[in-house]
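Common to both upcoming complexes is subunit A, partnered first by subunit B, then by subunit C.
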Partner chain A sequence: MIFLYSTYNELIKIALKPRSYLGLAAITGLVGIILFALKADGMSMISFVTASFEQTLRFEGEVLNGNLVAFIILQMLIVHIPLLVALVTGDLISGEAAMGTLRMLATKPISRRQLLGSKFLAGGIYTLLIVIWLGVLAVVVGRWLFGPGDLMVLNSDGLVILQENDVLWRYAGAFCVAFFALLTISNLSICLSCFSDNSIGPIVSTMAIILLFTIIGTLDVPVFDPIRPYLFTTHMASWRSFFEDPLPWESIRNSLVVLTLHHVLFVTVALFAFNRKDITV
Partner chain B sequence: MSNPIVNIKHLSKHFGNFHAVQDVNITVNSGDVYGFLGPNGAGKSTTMRCMLSLIQADKGSIELFGKSIQKHRSEILSQVGCLIEKPDFYKYLSAFQNLQIFSRISGKPSTKKEILDMLEFVGLQGREKDHVSGFSHGMRQRLGIAQTLLHQPELIVLDEPTTGLDPQGIIDMRNLILRLKNEQKKTIILSSHNLSEVELICNRMVIIHKGKSIVEGEVHALLNEEEQIIRLQTSSDSMETLLAFLQNHGTAIQINDNSVEMNISKEKIPQLNAQLVHAGIPIFAIEAKRKLEDYFINLLAS
Partner chain C sequence: MKYLLFLLFPWVLQAQNPELTFKRLVQKFNLVKSYEVVATIKPQIPLIRILPVKAKIHFSYPSNFQVQSAGISILPKNGFSELPLLFSKPDDFTAIASGIENSFEIITLLPKQNDSNIILAKIWVDASALLVVKSQITSRSNGTIICEFDYNQEKTWGLPAHMKFVMDVNKFKIPKGLATDINRTSRPAETDAKSKKGTIDVYFNKYKVN
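Presenting the complex of A and B:
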C-alpha cells in the first residue's frame, strides 16, 4: 500500500513541477510548427520526394494525408523526445538529494527499494504520457487537419504503400515500441540520478550516453560491428518496423529483448547504488 | 517500573579510520524528554541516524519499542516522528501539499482536517496554501515539527531543532516541545549543544564526547539541584556591605564591581532575599546561574 502511496506522491510531484510541462509544451510547439509548414507548403515537399517515381507510378488521391503527416512528425520528433524525458526523470532522485527531501523521506516507514521503485514507475508513467501526447498530436490532429488516406513510406527497401484501413493498428504498435524504447531513457536517467546530488548531472550524462552510442551506431567502422546490435540506441527507431510490409517480427522481437535487458540492467544498477547511497547529508 | 522505548547497547560506528560512535549505551523510557548533549562532532547525530536506521551501525544492538530496528524498520518508523537537522521541503509545493506528501508514506495518512489542525498547532494557520520557498527558517522548522507529529507518533526525535533560529524562534520551539511533553505526553529525544535548552526541557540526558557516552541519567540528579549558584547584583557603593553580610551565609566570590556569586541551598534563597531587604542592602537582581554549563565544562575537562 505504501508503494502505491509513494508512486502517487511521485506523480503529484511531477505534475506540480513546472519543468514537467516543458516537454509537453515543446512537443506541442514543434508539432504545431510541422503541421503549419506541411499545411502551407507540404505538397511541394511531397512532389520533391515522389518526382523520382512519377515515371513508373501514378499516384491517385491525397498523398499528403493525416497518416503521412503523423509518420513525418514521428520521424522528425522521436529523436528529440529523449531529452524531454530525461529533463524530468533525471531529476527524480538527484533533485531530491540536492533539496534534502530524500533524507526526510528516508525517515519514513518506506524502504529504499519501494521508494526507488515508485520513482521508476512514476518516470515510466510520465514517459507514457509524453508518448500519448505525441500520438494524439501526430495521429489525431494530423488526420483531423489533413484527412485520412493511404500511407506512403519510403524506407531502405523501397516504397511501401499501406492502405488506409491497415494503418491505425501499425501506429498503435509503433507507439508501443517507441514508448518501450523511451522507457530505456527514463530508466537510464533515473539510474544515473542515483549517483548524483545535483539535477543537471544525470540529464547531461544521459544525453552524452545517447550521443556516444548513436555515434558508435552510425559510424561505419567494422570494429564497432560486434557491439552495435547490443546498444539500446540501435533499437530506438525500431518503431519504424511497423511500417514495413510484411512486418519484420524477428527484428521487432530482437529490439524488445535488447531494450528489456537494458531496463533490467539500469534498474539493477540503480537499486545497488541507491541502497548504498548516503542520503543523510 | 518505567517502560523503555529506546534501548541502545554497545553501539559503534566508524567512517574510515574515524570512530564516530564507540560503545554508546542509551535507555529512553516512555514519557522521557531525553537530551543528547555534546559538542559539535561528538557523535550525537550519528547515534540518532543509526537509531533511525538511516545509516547502518557497525556494532551493537538498537531496539525501539522492544523490537530491533534492523528487523522491524517499517513497523517501528511508523511510530516515530523525526526531524534530523534542518527540515527540507519541496519548495515548489505549499505547506499543505508538503504535509500531504510526507503523511501518505508515514504509515497513517492524515485527513485534510488533521493537516490543517496540525498547521494550527505549530502556528502556521493561514499559511497552508503558501509555497515553502517563501517561508523563513523558523517557519520551515515549525513545518518540520508538523510533519514529525502528523501521524501521532509515540516517539519524537529532534536533532538540534533550534539551530539557526532567532531568539524568539528558540523560545517558540522550546514552548512547542514543552507542550508536546505536558499536553500530549510524548516521549521526546532531543539532541542539542544548547545547554540551557536541555536543562530547561529534559528530565534525562546523556553526554556524548568523542563518540563515547560519558554520563547518562536524571538531569536533576546529575546536576545536584539541591545546590544552586546565584548571582547577586548591587551598587558598587554597597559591595563591601554585601560581601560582609554574605560571610554568614557561605562563600561569596566577587565577579565585578557590582556582582557576586555564591553557592546556596535552593530553599534558602527566599530567606536570604528577605534578610537582604531587612538589612537595607540594595539588590538589583538575584539570578540563578545555569548549572549544566559548569557541569558540562568540568566533565569534558576531566
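Presenting the complex of A and C:
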C-alpha cells in the first residue's frame, strides 16, 4: 500500500513540475506544425517519395490521408521523444538529491527499494502519457483532419500499401512497442539519476548515450555489426515493423527481448546504486 | 493450280490489309461512347506490395478514364487511355502489316507527326472478331507498355474482361534517406529492381455500356 502512496506522491511531484508539461506542449506544437505543413503542401512531400514510381505508374485514391499523416508524425517525432522523457525522468532522484528532499524522503517508513520502484513506476506512467498524447494527436487528429484511407509506407525494401481496415491494430501494436522502447529511456535516465546529485547530469548523459548508440547503429561500418543488435537504440524504431507485410514477428520478438534485458539491467543497476547511495551528504 | 496462281499473281499472298483492319477496329471502337465497369486491380510489381483493390472505372469517348477506388490503387500511367487515344485519331497513324502470329494479324502503327507522344505502336488483332488481343505502345512519356487482352461477353463491343499490363520497372528506386530503418540489424538486400518486369492485372465485370 505504501508503495502505491509513494507512486501517487511521485506522480503529484511530476504534475507540479512545469517541465513535465514542456514535453506535452512540445509534442502539441510539433504535431501542429507538421499537420499544417502537410495540409498546405503534403502532396509535394509524397511525390518526393513516389517520384521514381510515377514515371511508369499512377497512384489512384487518397494517398495523403490521416493514416499516412499519423505515420509521418510518428516517424518524425519518435526520435525526439526520448529527450522529452529524459527531461522529466532523469530528474526524479538527482533532482531530489540536489534539493535535499531525498534525505527527508528516506526517513519515511518505506524501503529504498520500494521508493525507487515507485519512481520507476511514476516515470513509466509519465512516458505512457506522452505516448498516448502523441497517439491522440497523430492518429485521432490526423484522421479527423485528413480522413481515413489506405496507408502507403516506404520501407527500405519497397513500398507497402496497407488497407484501411488493416491499419488501426497496427497503430495500436506500434504504440505499445514505442512505449516499451521509451520506457527503456525512462529507466536509463532514472538509473543514471541514482549516480548524480544534480538534475542536468542524468538528462544530458541519457541524451549522450542515445546519440552515441544511434550513431553506432546508423553508421554502415561492418566493425559495428556484432554489437548493433544489442544496442537498445537499434530496437527503438521496431514499432515500424508493425507496418511491414507480412509482419516480422521474429524481429519484433527479438526487439522486445533486447529491450526487456535493458529494462532489467537498468533497474538492477539503479537498485544496487540507490541502496548504497550516501544521502547524508 | 493454287501454287501456280500464287506464282503468277504474288499479291494474292498479301492477304493482310492493315489499313482496312485498323479502320474496322476504329469503327468498332467508335460504337461505345461511354461505359461504366467494376474493376479488380491486382498489381504484381517488384518493390511494391499491395493487395488487390476494387475500383469503378468510367469511360467517356474518346479517351477519358476516371478511376474511383475506395483505397489506393496502382495503374500504369495512361495505360488505359493510350489505345483509345490511338483509335480516336486514326488519321495520325500509318498502319503497316508486320506479319501474323498465332493467327493474329500484327499491325504496326507509326505516327505521321514527328512530335507525337506515341513513338511506335504494335497491335495484335483477331481480324475475324475485330478484337485487339495484345498491344505494345511506346510513348515518350511512359516508355513501353505491353498489354494483353482477354474477352468475354462484351467482345461484341470490343470491351475486354481482363487486361494484363506488363512494364519495365528498372527505373524504380527507393530514396535511401527516406527509407532508413535504424532498427535493421542486417544489411538490406539490393533494393533497386534490375531488369525486372512488373505486371498489373485488371479484371472487369458488370459493364454498363451507354
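Just so we're on the same page, the second predicted complex is superposed on the first by the 278 of 281 C-alpha atoms of A that agree within 3 Å, B and C clash if a C-alpha of one lies under 4 Å from a C-alpha of the other, contacts with A are read in each partner's own complex, and residues count from 1 in each chain.
As a convention for this text, a contact is a pair of C-beta atoms (placed from the backbone, for glycine too) under 8 Å apart; a residue touches a chain by one contact, two chains touch by 3 or more.
Just so it is clear, the model here is predicted, and its values are computed rather than measured.
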Partner chain in contact with A:Arg103 - subunit B first, subunit C second, else both or neither: first
Superposition-derived comparison: subunit B or subunit C, residues of subunit A touched: C
Contacts of A:Ala237 with subunit B and subunit C, given as first, second, both or neither: second
Partner chain in contact with A:Phe48 - subunit B first, subunit C second, else both or neither: second
Partner chain in contact with A:Trp133 - subunit B first, subunit C second, else both or neither: neither
A:Met152 touches, of subunit B and subunit C: first, second, both or neither? second
A:Lys13 touches, of subunit B and subunit C: first, second, both or neither? first
Partner chain(s) touched by A:Phe224 [first = subunit B, second = subunit C, both, neither]: neither
Contact residues of subunit A, present in both the subunit B and the subunit C interface: none
For the subunit C and subunit A complex, residues of the former touching the latter: 45-51, 53, 55, 67, 69-79, 142-143, 145, 167-169, 171-176, 178-185, 187-189, 191, 198
Subunit A contact footprint on subunit B (complex, rising order): 49, 52, 54-55, 73-78, 80, 82, 84, 86-93, 97, 100-102, 104-107, 109, 147
In the complex, subunit A residues that touch subunit C: 48-49, 52-63, 149-150, 152, 154-161, 163-164, 214, 217-218, 220, 228-229, 233-238, 240-241, 245, 251, 255
Subunit B contact footprint on subunit A (complex, rising order): 2, 5-6, 8-9, 12-13, 16-18, 99-101, 103-111, 278-280
